[in-house]
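In what comes next, subunit A is part of two complexes: it sits with subunit B in the first one and with subunit C in the second one.
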Partner chain A sequence: MNRAGAVTTTDFLERFLAGDRLALARAISAVEDEADGYRDFLRQIYGRAGKAYLIGITGPPGAGKSTLVSHLAERYAAAGQNVGVVAVDPTSPFTGGALLGDRIRMNELAGNERIFIRSMATRGSPGGLAKATGEVALTMDAFGFDTVLIETVGVGQSELDVANSADTTVVVVVPESGDAVQAMKAGLMEIADVLVVNKADREGAEPMARELRVTLELKPEDGWRPPIIMSVATEGRGIDDITDAVTAHRSHLEESGGLTSRRRSRVQRQLEELLAYEFRRVCAAARDYDNLLEFLTAEVQEGRLTPYEASARLFKEVSREM
Partner chain B sequence: MNRAGAVTTTDFLERFLAGDRLALARAISAVEDEADGYRDFLRQIYGRAGKAYLIGITGPPGAGKSTLVSHLAERYAAAGQNVGVVAVDPTSPFTGGALLGDRIRMNELAGNERIFIRSMATRGSPGGLAKATGEVALTMDAFGFDTVLIETVGVGQSELDVANSADTTVVVVVPESGDAVQAMKAGLMEIADVLVVNKADREGAEPMARELRVTLELKPEDGWRPPIIMSVATEGRGIDDITDAVTAHRSHLEESGGLTSRRRSRVQRQLEELLAYEFRRVCAAARDYDNLLEFLTAEVQEGRLTPYEASARLFKEVSREM
Partner chain C sequence: MPEKRIRVLVAKPGLDGHDRGAKVVARALRDAGMEVIYTGLHQTPEAIVEAALQEDVDVVGLSILSGAHMTMFPRVLELLRQKGAEHVVVTGGGILPDNDIAELQKIGVGRLFTPGAATDEIVKYIREAAASDN
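Presenting the complex of A and B:
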């Protein structure tokens, strides 16, 4: 743990704040692995964060999210911004999960000095992923990126949580066999600030856009109607429309006070995650916790206690040590 | 809450234990909604559970899981078993998310007296889904079903948790554009007891099966090598091979003692979930919790506290009331 623990030294912090990318990579690893000292590190950089604009890109597997993300990153970089990319999509080429062609594109992107890419492992506890992603995004924010793009596959609830923690959420769908309907059922419609119909050169794109428009009109009006944008990410078509829509949404949030309230919700969610996390930590550290858990598990399995009785007893023992 | 609260009456419990399906449906709703009295209800039926065999069916969206599940349910029903189906897949026709043809098939299935189908909402906290699914499966188990099939979309971590809580886990993939590779990256390979290449009449099925076989051979040997089965669910092809593989895996687990240890892990996970759940409940009920959370959120947002300081304070206040 010594190597990771080194993120707490003054020298390390200075290198991080001076923009040293090796220090950034190491800091992110420490945060992701919850290495010794990572909380102290986050404590030290926290005051530097809050300047980056966080954009979530989500949608079903195969919607072309990674290609879109790489075009967006290049577009922002070309405009003089420094861009951080966090990929929490197990099917993303950033995490090694996609086709060769995509991966080659990602490698080109990695050569751009203004762009920093980081993929996240998706294993571990469900709450853990949202916590780690938020902390990695925070680390990038504090490092000084102007824009942080967070790519997630929008199927499970924890991934929706991740996507939903961005300032602007872009939902990507493709005109394929009920994909849009399925995506919508999965809760993507509620979190979309900008809707993208990618692979719009395929059949069914226009009818799908119309269908989405009708559904969107049923949403309660809150001053922002998510635009529907047609794109062909592989050819770079529609990318400007997406960045324009994100800019428009950002202006809307800033003018309406929505940005402050979104970020407040994000902080509140983070506090509740940290609270649950602290409880798990206290449990794991409690005297005899492992033995008691093992004993109570056996009691339940052999029918002498119900899980509810057993967990009540576990809770009582743990709270005695708090 | 009165209606749901009624699940605790003796009369209701008698009807449930006598096999009244309306009582079952009502019990499941109470469990899913965490309605008044649901924990007492679960406490009362807990001793009846443990006889059903739980089969998880998971895989990426569009792999044909629902069609497979309906064939499996019919096969088990034809063999004289009573079968419960829990669908936690937002893209499943059981939950209304798929194409018309599928939905018609599901309706036919619903006419079979030996089969009971229940779909679960996927919204709510990530941990909540796994907890609710486990409790619904337990309710079906206690009701007296011989087999409970749990269909989940295998993308997010919480869905993997659900799938992984079955006795036997069947992972379904299709020969399409890197789907298998992506599914494997998402952690499906580790949890597969039986692997199904569905839509095996499509091009690429054989190469995919070979690829999967090679990958499986790299897995550490633990006495069970997951078989790879080719199926065409829409035509009912390969279904017998799947049920045979599940039976073989069940025998293996029973002979090796693996079933007991799997169920022990399940109980242990359940206890830990209930513990975390109890903590959240205590927090929500703590005096001034909401006010304190709001105050601390503002302190963090205005830069006077870091989230770590704020959550530590929150934890201290909450634990004082425990």
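Presenting the complex of A and C:
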């Protein structure tokens, strides 16, 4: 099958809509690569999305996220659902390459026809990660999955944004990640709908849970108090508690109208991201942009212009082309 | 802006637990700017092919040091063809006798590498192989 332009044919769309997993895999690549015609493709499937429930799973490296995701996917599949998994790992900023190892912890899912796993590299463009992950999740949603699990390492703002764009966000920590949690408290705690202390058979799990509880009490009350769940993912302990908590959170959102408002702010954020993204694209494509950028950089560095003047000039030049 | 990246699945089928070679190659490919999906030890051909399809890779690299190469390579190739993914290049490395290499290449397996192969050489080959898949 030819890669370039493949997603634009009606034959391809038919295969995708008929549930051909090869077509799904190719569609995801097209979205990630921004291959020719991917926007038309997304437009054609957009109306079919919106049925899947999106669950974000995030936390510090080594917290056991992949193992948890593996168990969750298995649980949902056993309940008769079709499950898509997006596992995001960082791209090396130096080489552009990535080593994606989340499947190692998901080997037990091999051969399960209800589950589809896709590893994704962050690829480094600012704001691009949330856009790409959102579009991949949308593609899975339109393909017909009931649940889409999105796993990211909760280290940077864009990873947090991804997790936060889910319907329910699960934050996973381990007893050892005390310091890491201190550092990430602001971002991580604010987005958590469900908190999981994984590796709970280790020393320090109880104090960790207590500390989290105290932190959560400082969180503004909005009708939902994130539960703290103890789990040992490698033994499958606590998994039912997590799925129960996700279900409870979902019911809460549905009853309170929170789901609609969450999805609305997701769409709004998406529009703003696309706008910013489009603007960067126009910049990159603008005539003489690179030369002008280089020239203005030198002007600022040598003290002839302030960054504000230089960027205003850049903006003026670029808007001429819009 | 995004562009097409070369995606490679590195897998270890069969029972041997020697994954150093696979890991060294995986890292070299990553450092060459590719996206490498590493699946770990003890993979069945069925699981490898399913992962290759879901991940939409250009290339599958198998590392085999157990002597099972004459069953594993043909099986992976056959399953890929069955599933309509014959565009995926199958390559790999391990302790492979010359005669076996010749025979495997005859049925459609790509270049195979034996102990001592330079990672540069592997990177170069995979770039070429992925380009021919278009």
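What to note about this one:
Basically, the second predicted complex is superposed on the first by the 290 of 322 C-alpha atoms of A that agree within 3 Å, B and C clash if a C-alpha of one lies under 4 Å from a C-alpha of the other, contacts with A are read in each partner's own complex, and residues count from 1 in each chain.
Quick note on the criterion: a residue touches a chain if its C-beta (ideal position, glycine included) is under 8 Å from a C-beta of that chain, and two chains touch if they have at least 3 such contacts.
These figures come from a predicted structure and were not determined experimentally.
By the touch criterion defined above, A:35 reaches subunit C but does not reach subunit B.
Contact with neither subunit B nor subunit C is seen for A:78 once the two complexes are overlaid on the shared chain. Which of subunit B and subunit C touches more residues of subunit A: that partner is B.
In the superposition on chain A, A:275 contacts subunit B only, with no contact to subunit C. Shared-chain residue A:46: touches subunit B; no touch with subunit C.
Judged by the touch definition given at the top, the superposed model places A:322 against subunit B, while subunit C stays out of reach. Residues 91, 95-99, 123, 125 of subunit A contact both subunit B in one complex and subunit C in the other.
Contact residues on subunit C toward subunit A in their complex (touch as defined above): 1-5, 7, 26-27, 29-40, 43-44, 46-47, 50-51, 53-56, 83-85, 87, 133-134. Residues 39, 42-43, 46-47, 50, 60-62, 90-91, 95-99, 122-127, 129-130, 153, 155-159, 161, 177-178, 181-182, 185-187, 260, 263-264, 267-268, 270-272, 274-280, 283, 293-294, 296-298, 300-301, 303, 306-312, 314-315, 318-319, 322 of subunit B are the ones that touch subunit A when the two sit in their complex.
Contacts from subunit A toward subunit C in the complex involve residues 1-4, 21-22, 25-26, 28-29, 32-35, 91-92, 95-101, 103-104, 107, 110-111, 116-119, 121, 123, 125, 128, 132, 281, 284.
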